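In what comes next, subunit A is part of two complexes: it sits with subunit B in the first one and with subunit C in the second one.
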Partner chain A sequence: MIFQTALQSLLDGAMLGAIYALITLGLALVFGVMNVVNFAHGDFVMVSMYATFWVATLLAWDALATPLITFPLLFLIGIIIYYTIIRRTLRHSYVIQIAATVGLQYFLRASAQVLFQAQPKALQSSVVQGSFLVGNITVLNSRLLAAVISLVVIVLVSIFLSKTWPGRAIRAASDDLDVSSLMGVNYQRTYALSFGLGTALTAIAGGLLMTFQQVSPVMGVSFGLLSYVVLAFAGLGSTIGLLLSGVIIGSAETLTMAFWDPRARLLVIYLIFIVVLWVRPRGIFGRK
Partner chain B sequence: MKLKNLFSARNILILVLLAIATVIPIVIRDDNYATLLATNVLLYAVLATAWNIIGGMGGQLDLSAGAYLGIGAFTSGTLVLRWNVTPWAGMILGGILAMGLALVVGIPLFRFKIREVWFALSSAALVEVLRVAFTMWEEVGGPTERLLPYYEWSFYHLRFNTYMPFYYILLVMLLIALLVNYWVRRTKLGYSLLALSEDEDAAEVLGVDARGSKIKALLIYAFMAGVVGGVDVCIKGNLSPKTFNGVQSTEVAILGIVGGMGITFGPMLGAILLVSARELLRARLGGGLEGLYMGVYATVLILVALFSPRGIAALLQDAYAKIQARFQRKNNYERPADTPGI
Partner chain C sequence: MSKKVVKTLAFVIVLGALLLNACAPAATPAPAVSTQIVQVEVTRVVAGTPQTIVVTAPPPEPVKVELPDKIIVGILEPLTGAHAVFGEEAKIGIEIAAKHINDEGGIKSMGGLPIELVTEDAGEDADSARLGAESIISKHHPVAILGLYISRMTAAASEVTDREKVILVADALVDSVTQSGRRYLFRPAPKASAHGATAVNFVVETAKAKGVTVSKVAIINEDSAFGRANTFGALNAAINNGLTTVYQKEYPYDITDASTIVNEIYASGADFVIQTPYFNDGIVFAKAFSDAKKIPMFIAGSGASGFTDPQSIEALGPVAEGYTNTYSYNPGKNTPQNKKFVDEFKTQTGHIPTEAAGMNYYGMWILKEALELSGQMFPDDPLNPENLRSAFLALDLTSGPAIETYPAEHIKFDGAGDNPDAFAVVLQVQNGEPKVVWPVADAEAEAIFPRADTTR
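Take a look at the complex of A and B:
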């Protein structure tokens, strides 16, 4: 019985972790490439969830189809924010970046409150419903689909980063900005692209989250910290590491909820975070 | 010469500001809500000034003001609820316990050289960890809030039917916090911290004790935040794990940054200007659209961070230096003998 609960929690955690990894991939593009500390990343997830809600109710679409609109929308928002705010903080220390992005965080939260009010919003359940049994373990179709989509997107992004010219430019800028500039990489455009892409990736994550979760203006903070936890665990520069870290953090979360106390979820995650920082400041799977 | 220094423009300005700060609650004494807002502004001012020691001078971006504040609040609140101990004693004990927490957290953090963003994030995580821990610890915390006993006017229990006494308590604390800042800035600790905030590796090579200085700064800050927590619980009149507030903790640091890191009166200035602005905006715009005031406040924060990265206080310092330079130039024209070669 205990074994079955553990297995069930591990599976749920792994499926949740895939979405965490997707969210963190967006953060890694910003933090790893541009070395910009973005405290508003979690709030982009919140904005994406509201965008999903808005598109889904307005057009009567399924949440899973909304990234067709929200992905370009969030990309555009990301580009605008890069050129208005982030670009001006590049020369300054991380402290100013944090101050500016915390301001941005307040702004995004306030916008969500003005547009959608403080009450949580949820969508009606997605077309993908039901579950199936593997042995004694229940697999929810919606969660499984969310995990698979996250996985596919992560793979697509790593192919983009390794095989296409703009992707290579992003990696080059992340390795050595000066040399890559000499090789003809326009760093302003590269940075704008990676910030836009990092923001747009939250649109997909937001769409997936909305299939089983509700959204409220204040939930961005926890996603923000969570994505930094996964990033600290993974270290920079490894996509597989990112995925594994997401899965480990997600499983730690579900196992805590199953075996100890649902409230202790964050406690365990943050304790893991602090211990990892002490023991392996470059992350468990990090290269840089 | 001594007397002239005593009545310098700066000291007169300080006295005038202090007089204004003393008079404010008497002017608005009929409006208890306004007194609460003024008290709240002072609370942020004390926290931001205390933060300046570790965050401003030391350059360690601490985001855990709420952790130490909460420890102080729970010490003071629990003592008064269980054993009827006066919050005056609870405050001091709360400050000491907050220092204990700072030691437990600070030693490994600085031992493992956790810096910059990761220091900031782990301190932010500390607040969340404590909030959850106190929510689960039913004997002391628990999910529901505990009400402090009500008294019309009791100095022993630090409960009043107006917020005015709290205003003065916090004003005194602000003065103490400023003096501590002023003092630290002029000791070896202050110079070490400033060196660390410029370049930690270089400072260590030159013989600055990085770990020791950072721990000392963190302890001073934690003690002050803990004491403020003891007052905060009496102002609110209830004890709740929500005191471990991550948003408030981050805001303290942001006020310190946009006020002017490392400048003695910078974070105080940031807190007074911005928290007043926020509360005024809330009073004006709060009735209409929820969240609108926050949007305006956020825009102000972003603009200050982008266009005056050294802070509001640094802007004022520059302006003061310019005025002084102009006066000096005038003096030079009056004394051509002092400027040879012309």
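Take a look at the complex of A and C:
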């Protein structure tokens, strides 16, 4: 019985963790390239979930198909926010950047509250509802598909960063901005691309989350905090490390809920966060 | 009379008046009526011999405190943050009630004074609630406040309302809200523990009526004082009904994945589940039960938040079918006043009133009845906090608009501010609509039991 519970929790946690990794990938892009800690990242996930809800409702699409519209939409929003807010803070101290992104966080949250009257929204059905059994272990279709899609997207982004010119420009800017500028990399465009892509990735995460969750204006905070922990655990520069960190954090969460107390899940997650910062400040898989 | 004597007398009178004024309690008007004759012994010396005479003064004229041209009532609800979904509904309920009261001539015992509402956001935590209470009182000086739905916020704000002697008609359900000795707090709705007990009693009685045996229960709640108080009532009711509690757990209300707990509940062999959700967690759990296809015979909500409210039904769609929850308000009550309220609420929002809206609608009417009574009992100073409190305690309602929208048939507050006769009804989602199914005497429809999609 205990073994079965542990196995079930590990599976649930691993699938959940893959989505955490996808959410964190956007944050890692922005932080890794621009050195900007985007406190509004979790709220972009919330915005993406609302965008998913409205696209799915108005067009009668499944949540899984909505990134066809929400991905470019969030990319555009990201670009606009970069040029209007983020770019102006780049040459200022961390305090200004934190103030700007925290302000953006509250702006997004309050806007959602005004637009959607604080009422949580959920999609009634998805093609991936239901589950199947592997032995005595229940595999939820929505979580499995979300994990697989997250994995595929993470691999695709990894290929984009290593095999394409814009991706290499992002990595070069991340490694050394001055040298990459001398080599012809337009850092403003590269930053805008990174911020846009980081924001747009939340559209895919939002679509996946909406297959089994609801969205409310205040839920961005929890996604934001979780993505910081996953990023701190993984460190910068390794997409596979990001995926593994997401899986470890997700599993720690579900195992805590099963064997200790659901209320202690954040306690365990932040304990991991503190230990990693203490023992290995650059993260377990970080290359810088 | 010499000038010196006149000056001395004038000085004594002025000094006496000043002293009397200083001794009077601050901001408390003079007693309304006094019929006592005042007798004062005065000693004077005449030709070296002291003489005592008794001066009899006529009784003082009753001091009638001038009434304002409107009665200000505060709405202090969470209008932003995680609990805004409840506060917004509550505000609409209060506004409709105030409109109905004013349309019917205001407070008649005070010459038809109209109700004027003022609103303040209570935020989402105890500090913001306390600040909200201080702000609304200092800015508007309301005679009463309705709010704050969330119990921990109510506890914090009631410190301020009690200190400032402002009546608080509370819509928070945690038992302890009325157990901390607040003088000016009244709660018409049933306590949270009564909701928990109602949920269990409903399942046991319905199962018996349907010939289904239930013996094992799982009880879960979000980890606030509200969830805990509901569970306390449910646990006691489970013991009283001879049930075995095979699983019990608390979880954070912002839980994002409930599949682990759902698996555990099913593995525990529970026949049915009693859950106290807030709102989001109700959706997360209902989807997790459905997705995992591990559905017990019955899942009954407790405490009114989640499952059967219009937003949850809209969010869950077919998954909401068969879910129940306990309500402090009966939207199906077949009375003219209730129908009027439901119709107007539906016109404004597109859905029937939630518990938060219903509780505050009848809460406003109960306040109106107390104001009327205060006007009759204390015509010279009906808005004095002590007089209004006395009127609340003297209320004994068995008819009228408040009763027509109240789940029970009797409203009379005890010394703690609760109505011992309050009880909750049970709503069940049937064909996408919440229907009152228990108590049977008040039922709009027969309860569907066990769940049609149970996998047990």
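Rule of thumb we're sticking to: the second predicted complex is superposed on the first by the 288 of 288 C-alpha atoms of A that agree within 3 Å, B and C clash if a C-alpha of one lies under 4 Å from a C-alpha of the other, contacts with A are read in each partner's own complex, and residues count from 1 in each chain.
Rule of thumb we're sticking to: a contact is a pair of C-beta atoms (placed from the backbone, for glycine too) under 8 Å apart; a residue touches a chain by one contact, two chains touch by 3 or more.
From a predicted model like this one, the values you see are computed outputs, not experimental measurements.
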item: Clash-or-fit label for the pair subunit B, subunit C on subunit A; value: clash
item: First (subunit B), second (subunit C), both or neither touched by A:Thr66; value: neither
item: First, second, both or neither for A:Ser227, with subunit B first and subunit C second; value: neither
item: Touched partner set for A:Gln117, first subunit B, second subunit C, both or neither; value: both
item: Touched partner set for A:Ser174, first subunit B, second subunit C, both or neither; value: neither
item: Touched partner set for A:Ser245, first subunit B, second subunit C, both or neither; value: neither
item: Subunit B versus subunit C as contact partner of A:Leu266, first or second or both or neither; value: both
item: Residue range of subunit B overlapping subunit C upon superposition on chain A, of 26-34, 62-70 or 314-322; value: 26-34
item: Footprint overlap on subunit A, comparing subunit B with subunit C; value: 110, 113, 117-118, 261, 263, 266
item: In the complex, subunit B residues that touch subunit A; value: 59, 61, 108-109, 112-114, 116-118, 120-122, 124-126, 128-129, 132-133, 135-136, 246-247, 250, 253-254, 257-258, 261, 289-295, 297-299, 301-302, 305-306, 309
item: Sites on subunit C touched by subunit A in the complex; value: 80-82, 84-85, 88, 124, 223, 249-252, 254-257, 259-261, 263-264, 267, 279-280, 283-284, 287-288, 290-294, 311, 315-319
item: Residues on subunit A engaged by subunit C in the complex (per definition of touch); value: 1, 5, 8-9, 12, 16, 110, 113, 117-122, 124-125, 129-131, 138, 140-143, 212-214, 216, 218-219, 222, 253-254, 257-258, 261-263, 265-266
item: Complex contact set, residues of subunit A against subunit B; value: 37, 39, 85, 88-89, 92, 94-96, 98-100, 102-107, 109-114, 117-118, 217, 221, 225, 228-229, 232, 261, 263-264, 266-267, 270-271, 273-274, 277-279, 281
